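Both complexes shown next keep chain A, but they swap its partner, so chain B is in the first and chain C is in the second.
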Partner chain A sequence: MKEMMTLKGGWNVKYNYAVGPTGTRFFKALKGEAKIIAPKCPKCGLVMLPPRSFCERCFVPIDEWVEVGMEGTIQAFTVVPVKFESLPDPPYAIAYVLLDGAGTAMVNFVKNVDLSDLRKAAKKLAIGKRVRVVFEKKRKGTIHDFHYELLKP
Partner chain B sequence: MQAAMAALDDAGMTMEDIEAVVYSMAPSEFLGVNEPDRWCVDAVGGRGRPFMRIHTGGATGISAAHAGFYHVASGLFDSVLVVGADKVRECRDSQQVLNTIWDPLFERQFGLTTITMAAFQAVRHMQIYGTREERMALVAVRSRGNALNNPVAHLKGRITVDDVMASPYLCWPIKKYDTCPSSAGGAAVVIVSEEKARKRCTRPAWIKACSEVANTVFLGDQMGGMAQMDFADSDILAMAAEEAYRQAGIRNPRREIQTAELYAPFTICELSMVEALGFCRKGESGRLNEEGFFSMDGGIAVNPSGGTLCANAIAITALARVCDGALQVMGKAPSGMQVRNVRHAVCTGEGGSFQFHAVMILGDDD
Partner chain C sequence: MSDKVAILGVGMTKIDSAKKDQKLDDMVFEAASKALAQASLDREEIDSVVIAACDELDGRCISSMLLAMPAGAYLKDEIKVTDDGSYGVILAAMRLMTGLFDLSLVVSWCKTSEAPLSDVMSMRWDPFYHRGIGMNHITAAALMAGAYAERHGISSDIPAKVVVKNRRNGSRNLNAHLRTPVTMGEVRLSPRVSWPLRALDCAPESDGACALILASPRRAKKLKRDAVRLAGFGWAADSYYLGERMLWDSPSLRIAAGKAYGMAKIKEPVAEIDAAEISDFTSYHELLAYEGLGFCGSGQAQDLIREGITAREGGLPVNPSGGLLCSNPFTAAGLFRICEAFLQVAGKAGDHQIRGATKALAQGSAGFCAQGNAVFVLTQ
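Moving on, here comes the complex of A and B:
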């Protein structure tokens, strides 16, 4: 058969994701105190972001939390110039940043970069560049309560 | 069903000879039909037989082949069909689906996709080893050229580095031609006991090694700080390969392996993987590729089929690597795709967020 039929369809499923005790503690500190706190492994000392209730490396539960710094270093980044269904409107820059005092890097938008020229933007966002955490004025207790900005845009 | 029939025909067997079926099926969201093992069971001969679905994301096809091997190696079964099919092409928004593999509380909101994941690997590889975009592009050039000899490749043709460089950025530094297509396809292999293989086959592909290693879900744990490995390097694949080489008695992979079929959905993945497999030192792959070491007539022919860059029907992409690796050992690869004197073929799969790595080594009689 030369041309076969197709049938349009889709899934649209809603969820209530449990944030859990670890996530709730993290997001409450974000919203209420404008602080980024992270669990610290009692055995190896790894400070983990995003926060977790146990250390994956030592396989032990964690109950100690520390506050991390408001600046950090880019470890990886990208700029997305095209639109994907249900994903953020382009262009946007995202980076994994190792915040001072943390042992792992956490992703967020980098918002103060001119993205009109992709190659120039990529140079500005290089690995090793310093960024700071900027909190939103009205915080809702979600990961969007803060974003990163380059220290020297 | 077409894949199952083709594999059975090649083995000189019918469904009557098959004792159990392993069904290779990755996420079902691309198909848009939930739990496809339910409705595909008849098409793969599962009815009335032991039947199980295997799923490790992109690594699914190798994991399924491993499961087939374990069935036979356990002594419980003599002949097993490993089979699957996928229709990623029917999904209009595959990156929307792939975005949902990330944590809904902390990461998904930032538009993470498998393409951004490749970008993170690429920027680190570029930073650490000085890898250039043009060297990534050459992987696509070679792959599509190889795919000309593969009748079932989705993308194929003579393209240039300039063509790749001129293709639009999907996310910096990953361009459209650095990226695999959304494909539809099926694949199957028949795995039998040694006794049956010797009776039925003049030159079987022997399974010399099966290994798999998993890694943490968090990409940010693999870059800087207290990272135990670097996201630029496929260190988990290196661990899986080390175990596979031990099982297969391979001491010098660069000398003892003639061809490799790798699950590399982006050009940067292949550069990172050939380093992890010990085909060269870290950071050397781009230069060696440029010198032709991974070409059909080079030291190790990587992806004679064109590989994942030229066809990605996710559920069976890694199983296709096993099919193509086996054909190479059996001397049955299509004309032009056949590598000369293949003693060992390495097949890999990679699933999750560059997270589940699986290696199968196929070899000749010795």
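Moving on, here comes the complex of A and C:
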């Protein structure tokens, strides 16, 4: 036998994930008030984004919230010039941004950068560069309700 | 007499881009059979089977129910881990150390050619804050690579040298998927896949299965021949959230290595270890691993590469098999590292043997940007 057979298959499964009280509060603030709020650990004081209902390190529940700033600093970024299955059409840029007042960085798209030249785009998006949060006009209570933009594109 | 768990034999399929001539279970059967043959054991003698695989990449729910049998587990106490193949050795070794078992078969596999790898990797992100933001295994690795390069001022020729080193090593390994060496120029000209990573900075997607047989200290004592020992092992996991991790550092690897070195009584890893097989999912992963494994201080991995310390001819050859940059059967990659470390210590590595190796290290990792790490020290 030279040519072996293959069989095509797939699975298309749907889920209904519970967002929980912490996530619900975060997404409601995004959608209703165009604010980013974050839980603060009562023990170590870490302000966590994305929000969590407990501190991984101190292992205590959290019920204190703070509002973080609408600007922040890039901690890590990448620009994706090729198409990957299940990922957005290229090119796109994403960055982990430490928002002012937060203790951990949160990822989202950076949308106001010219990505036609990869090297130039990477220079503009450098670690340490400042960005602002931009809210979408129509918000649905998801992480896509906002993105980042460079202060100096 | 040693009180350590012994490794009696390993079995590996050839690692290829797409093993279309083998059904998944045939590939698993081949690896398990080869390990039994190398250890001169019958399946009946095995009293514990650990398998390590990923349902989503196997394309079958609870794939262990199908694949336990070709892994040798018919009517035996098969149990499965899903992190990385190397974690199977942790579970098997601990079971043997309880004194309740004597011979354990550990089997891992992955047929990436059958699976939508990027699709599965994007599904590994939580659905609330990460999925839909353009991240998979490659783009996450790129975030880490950029953060590491920025932190320590790493020029792009350093990761390129890692690629050239490992591809050159892989050309000596008959079992490797990619067996052609590459030049610095070819690495520099390969297309960017996610800034700053180029295509050649990233491991290929490969098919392969491997198996390994472990014996309890009690059983190992009865052996006439000298066996390779699992002198030490340790593991640790970092936070899931990349924004909470310092991506230029690998504290979980440092903790895992510290535990393994303590158990194996290793004080100076560079001086004492003869060869290391580590999980170089990208060239940058290899650099970070040098630092996590204590081969050098923070930010100094570039010196080891520049000075050729980790080349085949250097004081501490890293990935003499070519590593993941030549062969990447995803879930099974870590168990392949342990199998390769075994071949080095047993003197059975053929053309890629490091002469006189008596102590070898293997590292497996799981999750995005090596979130979890496991370290193993093998000795004669």
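Keep in mind that, in the parts below, the second predicted complex is superposed on the first by the 152 of 153 C-alpha atoms of A that agree within 3 Å, B and C clash if a C-alpha of one lies under 4 Å from a C-alpha of the other, contacts with A are read in each partner's own complex, and residues count from 1 in each chain.
As a working rule, a contact is a pair of C-beta atoms (placed from the backbone, for glycine too) under 8 Å apart; a residue touches a chain by one contact, two chains touch by 3 or more.
This one's a predicted model, so the numbers in the text were calculated from it and none came from an experiment.
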| item | value |
| --- | --- |
| Chain A as common anchor, with chain B and chain C clashing or fitting | clash |
| Partner chain(s) touched by A:Tyr17 [first = chain B, second = chain C, both, neither] | both |
| Which superposed partner A:Thr73 touches (first chain B, second chain C, both, neither) | first |
| Which of chain B and chain C A:Met4 touches, first, second, both or neither | second |
| First (chain B), second (chain C), both or neither touched by A:His144 | both |
| Partner chain(s) touched by A:Pro81 [first = chain B, second = chain C, both, neither] | both |
| Partner chain(s) touched by A:Lys120 [first = chain B, second = chain C, both, neither] | neither |
| Contacts of A:Tyr96 with chain B and chain C, given as first, second, both or neither | both |
| Chain B and chain C contact sites that coincide on chain A, given as residue numbers | 6, 9, 11, 15, 17, 19, 23, 48-50, 56, 75-82, 84-88, 92, 94, 96, 98, 104-109, 118, 121-122, 126-127, 143-144 |
| Contacting residues of chain A [partner chain B, same complex] | 6, 9-11, 15, 17, 19, 23, 27, 44, 46, 48-50, 56-57, 73, 75-82, 84-88, 92, 94, 96, 98, 102-109, 118-119, 121-122, 126-128, 142-144 |
| Touch list for chain A against partner chain C, complex | 4, 6, 9, 11, 15, 17, 19, 23, 48-50, 56, 75-82, 84-88, 92, 94, 96, 98, 104-109, 118, 121-122, 126-127, 143-144 |
| Of chain B, residues touching chain A in the complex | 29, 32, 90, 92-93, 95-96, 99, 103-107, 109-113, 116, 119-120, 123-124, 127, 168-174, 216, 218-221, 223-228, 231 |
| Interface residues, chain C side, partner chain A - complex | 20-21, 59, 116-119, 122-123, 127-130, 132-136, 138-139, 142-144, 146-147, 150, 191-196, 239, 241-244, 247 |
